[in-house]
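Everything on this sheet refers to the single structure shown next.
Residue numbering begins at 1 within each chain, and the chains themselves are lettered A, B, C and D in the order written.
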Amino acid sequence: MNARHPGPTSDRYRLEQMDADADLMVLNFGPQHPSTHGVFRIKLILDGEVVVRAIPYAGYLHRGVEKLLERLTFAQGVPIVDKNDYVAPMTNEQALVMAFEKLLKIEVPRRARWMRTIFAELQRIASHMLWLGTFALDMGGALGGGSGVFIYTFRERDYILDLFEMVTGGRFHYNTHTIGGNRHDIPPGWDREVTKVLDLIESRLPEYEAMSSNNAIFVARTKGVGVIDKELALGLGLTGPILRASGVDFDLRRDAPYHAYDELKVNVATATAGDCQARAQVRVAELRDSIRLVRQGLAGLPEGGINGGKPIKMPQQFKTMTGQAYVGIDTPRGELGTFVVAGGGDKGTAPYRCKIRAPSLHALSALPWILPGHTVSDVVVILGSLDPIMGEVDR
Amino acid sequence: MNLEMLMQDPALWGLGIATLAFAMLAVSVKNLVHAVLWLGMSLLGTAALFAKFDASFLAAIQVLLYVGGVVVLLIFGVMLTREHDNLAAFRTTRRPVRAALVAIALFVGLVHAILNTPGLGDPSAGKLVSMPDLGMSLLGPYAFAFEVLSLLLLAAMVGAVVLARKRDPGQPSAKKLIRHRNLGRQVVEGLAATDEVGQ
Amino acid sequence: MGETLATSGGSQVQTWLAAVGFVLFSMVIAATMLGAAKLFAVKSKKPGALRDRPYECGEEPVGETRIQFHPRYYVVALFFVLFDVEAAFLFPWALVLSKLGVAALVLMGIFMAVLMLGWLYALKKEALRWQ
Amino acid sequence: MQGLLRGLVYGGLIITVLMTATAWGMWLERKLAARMQSRIGPNVVGKFGLLQPVADLMKLLQKEEIYPIGADRLLFDLAPFLVTTFAIATAAVVPFSAEAVGADLDVGLLWVLALGGLMVIPVWMAGWASNNKFALIGGMRAVAQSISYGVPLVLTSLVAVVFTGTMSLSGIVKFQIEHGWLALWPPGPGVVAFVLFYMALLAESNRIPFDIPEAESELVAGITTEYTGMKFGLLYVGEYVHTMVGSAIAAVIFLGGWDGPFHIASGLHWMVIKTVALFASVYWVRWSLLRFRSDQLMRLCWLYLVPVSLGLVVFAALWRHFVLR
């Protein structure tokens, strides 16, 4: 949305198509709006109900996390990133911890890696569950069928949070990843609980699909809406389900394996349409694949220690360290990257710079390109299909 | 029921005065939206008059078509203008004498027509015309007029379509081009004036 | 009273008056509720401009609210009126359907067919397309 | 004057019952929705939360009245008043039983349709007077939707007139008592007309899947965005009363009104049962489905509902002429 681009509107919604006899309306969509999934503002310029131009504004939830990471020691940084992607908090920890481990060249025990895989996939299930609910909410409203789906999926998400509570004692701020491994080992009998929850979710999924993604109204609302083509997706650096829905077969879990993904087989779901329906289909397929992956992970979970052996002495160990590291992992929203430059930050005990690449930010950057030409109703659906988490966008 | 009896009916006076008062309000208020709504009230008064004279069907159709339909049409008409609530031009006319002449001529014509209505003041004219009679005569003696009416409605529909149709994008008229340039400027100004947060 | 059927052709004035009475009562109900609210509603001691600002997601409203709208609304209203006029003619016809011959059916058939021509034309020209 | 008195007395009775029924209809809806979503619903005020409507009323009465800057105060106040008035006044001609009818007009059906058509004006007024963009868009959508669905509504009601040969609602019921319920017999056009009427009813009372005017995920709260306190309450109540009366009318026109199945124990109670069942079904649909987009809604109406209902009228006329003679 600046001078370098000819303007996303130019080819999507030409002024010539507009009726000459109507005024344009400037409508603020957000920040305090029921369906912006947080505090996000889009300024819409409307011709009747059709969007002529959309200008997104982010930053209403800016908390200075990246700057904070330069002030806190490495280990202190782990719990505060939980709040970035507040729907899948554990993935933030994983990305940060993995970047530190790469910087320090620390080997993570095999059991810890498998556990991290299980955690990551459970987080994906929880996150996609929440997305399905909120997406239905966007289309059915708080006073309609959408809220039914919303409450059901929130219930399932809660079961998964229960599982995490059993392991870490927390439902949101886990702080369970440490540099070099995990802090909490899974309690005995946990795998049975997981299987129970997964069975439940799997048995109920068809019902939710009947209420949402297989519903005729759902299809009517999403098909052909908010199409992101391959070029646009690649050009904007979109990742995750959005990229895969645009026909690019790319998944970090398979193409640059981390955790235990090299030992597990990830079935990457793709679609070619690039519209909201395709994104929904990809996410639902991922949901099913994640359930399978968790089961597989639990079955093959190796014995052994969960930490790097000797504890890492903080913070002296980092003082003399130099270098930089980037780690990208595939979160429910796409590639969550963490780039760390060592040395120098806060008298040497903190990273010099820590940059977090948030997938949601990139997803939202597609809005000016895809919104023009759609109606106000579609804005809500498109926004929901991108599944943005404002904590991550604003950091 | 003759004219003298009618003249002594307080309900008739009340309804008539109310209808006229609403009509006066409709043409005298500045606010275009209010004007439309007062007109709606006036039309409701007319419907009440119909009901008073036992013309049930006419009264109901008056509400259904005029208040529920034409007023809505006028509301959307108002929304096609740029200033809904302050239309100074609405009150002034450049040719007051000519306007007055037209109004007087219309009034005289209407009064003349009413006074010359056959059966006015004739007690037998008060006989009820039932709805089935209405249907019978519509499809009997007035069948031809009825069919012509369908053509009229068709013409109106075609007119609506022409109104709605997008002009050929390949051949924009000069007026439209000017409008679009203004629209483009609106877009740009809309951005420039309100980008207080940043880019 | 209250028993007159449409076909009986009796005077309806008293029934209309009853309907007016009903409407009056419903007005009284609505007015009472509004009046009670005027009586019981709390009043802010600090009337603030910020609170009275029209809600626009927490932002200062930009630009006019009451703008010139798109003509498509007008066209829909026009079509509605036209179909309503048609229906208005259909009602008396429906009442006498059983008494009239095939001619009435044919006449009405022509009437509707002509109107459906207009509908088809509108469809073909996409006049009723919203957007 | 005797008529006016009758209207006031019957009006007083019917409106009181109707408003009470609507208040607890809201309670029923909330309980129903809660059950459908594995929740409990209102359960604090009174046994089973039965006093919840009273508590809501108390709360709404105390809320501060806020007029947004630039609002048209007259219309802003008038809109909720008129919405409720029109919604209740529609019930004037509805025969709840052979006796319980406010004003048995010979054009009762037209009265219902006309007042239903009038409803859009205060709704639009509310949107326009608020000086709020969401409200205005909501108001414009509401009018466009209501008038569009008004066409199939009128035409499907016409089907009933074609069959029964009367426009009096009690006349329609009497015909059904003699000849069978229109939704069931004749088997073809009647039931289709009922389904179309029901859909148009959903649209007219702004219920999902046709609740575009109050699409709270996009238009915040539609026309009610700027309303507070009792004025909001009246807009809200108006909608529920509209749905309730609409259910009653659908029951009268297509489901035989106060006639029991196989004429068993005909009376007011059957009308109540049918109305409440239809009312509940509206909310069952509401809490199960997602929402259409405005253009899809319009297309559905003008492309399918209007021609189908017009065809239904023709079909009904032919049926009446050649089969029912």
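The rule we apply is simple: a residue touches a chain if its C-beta (ideal position, glycine included) is under 8 Å from a C-beta of that chain, and two chains touch if they have at least 3 such contacts.
Since the structure is predicted, the reported quantities are computational estimates derived from the model, not experimental observations.
A.B. asks: Compare the CA centroid of chain A with every other chain's and tell me the farthest one.
C.D. replies: Most distant chain from chain A: B.
A.B. asks: Any idea whether A-C or B-D has more C-beta pairs in contact?
C.D. replies: B-D
A.B. asks: Measure off the straight-line distance from the CA centroid of chain A to the CA centroid of chain C, and report it in whole Å.
C.D. replies: 47
A.B. asks: Can you check how far apart chain B and chain D are, centre to centre, with Cα atoms defining each centre and the answer in Å?
C.D. replies: 27
A.B. asks: How far is the middle of chain C from the middle of chain D, if each middle is the mean of its Cα atoms, in Å?
C.D. replies: 13
A.B. asks: With centres defined as the mean C-alpha position, give me the chain B-chain C separation in Å.
C.D. replies: Centres of chain B and chain C (C-alpha means) sit 15 Å apart.
A.B. asks: Specify, in ascending order, the residues of chain B that touch 2 or more different other chains.
C.D. replies: Those would be 56-57, 59, 61, 64, 68-69, 72, 75-76, 79-80, 82, 84-85, 131, 190, 194.
A.B. asks: For chain C, what residues touch not just one other chain but two or more?
C.D. replies: Answer for chain C, listing residues that touch two or more other chains: 6-7, 12-13, 16, 20, 56-57, 61-63, 65-69, 71-73, 76-77, 79-80, 84, 91, 94-96, 108, 119, 128, 131.
A.B. asks: I need the residues of chain D touching at least two other chains; which ones are they?
C.D. replies: 105-107, 110-111, 117, 128, 133-134, 140, 143, 147, 150, 154, 167, 220, 294-295
A.B. asks: In their shared complex, at which residues does chain B touch chain D?
C.D. replies: Listed in rising order, the residues are 31, 33-34, 37, 40, 56-57, 59-61, 63-64, 67-69, 71-72, 75-76, 79, 84-85, 131.
A.B. asks: In their shared complex, at which residues does chain C touch chain D?
C.D. replies: Listed in rising order, the residues are 1-8, 12-27, 29-31, 33-34, 36-38, 40-44, 49, 51-57, 61, 65-66, 69, 73, 76-77, 79-80, 83-84, 87, 90-91, 94-98, 102, 105, 108-109, 112, 116, 119, 123, 128-131.
A.B. asks: Per the contact definition, I'd like the list of chain A residues that touch chain D in the complex.
C.D. replies: Touching chain D from chain A are residues 25, 27, 33-35, 49, 136-148, 151-152, 155, 211-212, 215, 217-218, 220-221, 375-380.
A.B. asks: Can you list the chain D residues touching chain B in their complex?
C.D. replies: 72, 74-75, 105-107, 110-111, 113-118, 120-121, 124-125, 128, 140, 143, 147, 150, 154, 167
A.B. asks: Mind listing the chain B positions that touch chain C in their complex?
C.D. replies: 48, 51-52, 54, 56-57, 59, 61, 64-65, 68-70, 72-73, 75-77, 79-85, 128, 130-132, 134-136, 138-139, 143, 146-147, 149-151, 153-154, 156-158, 160-161, 163-165, 190, 193-194
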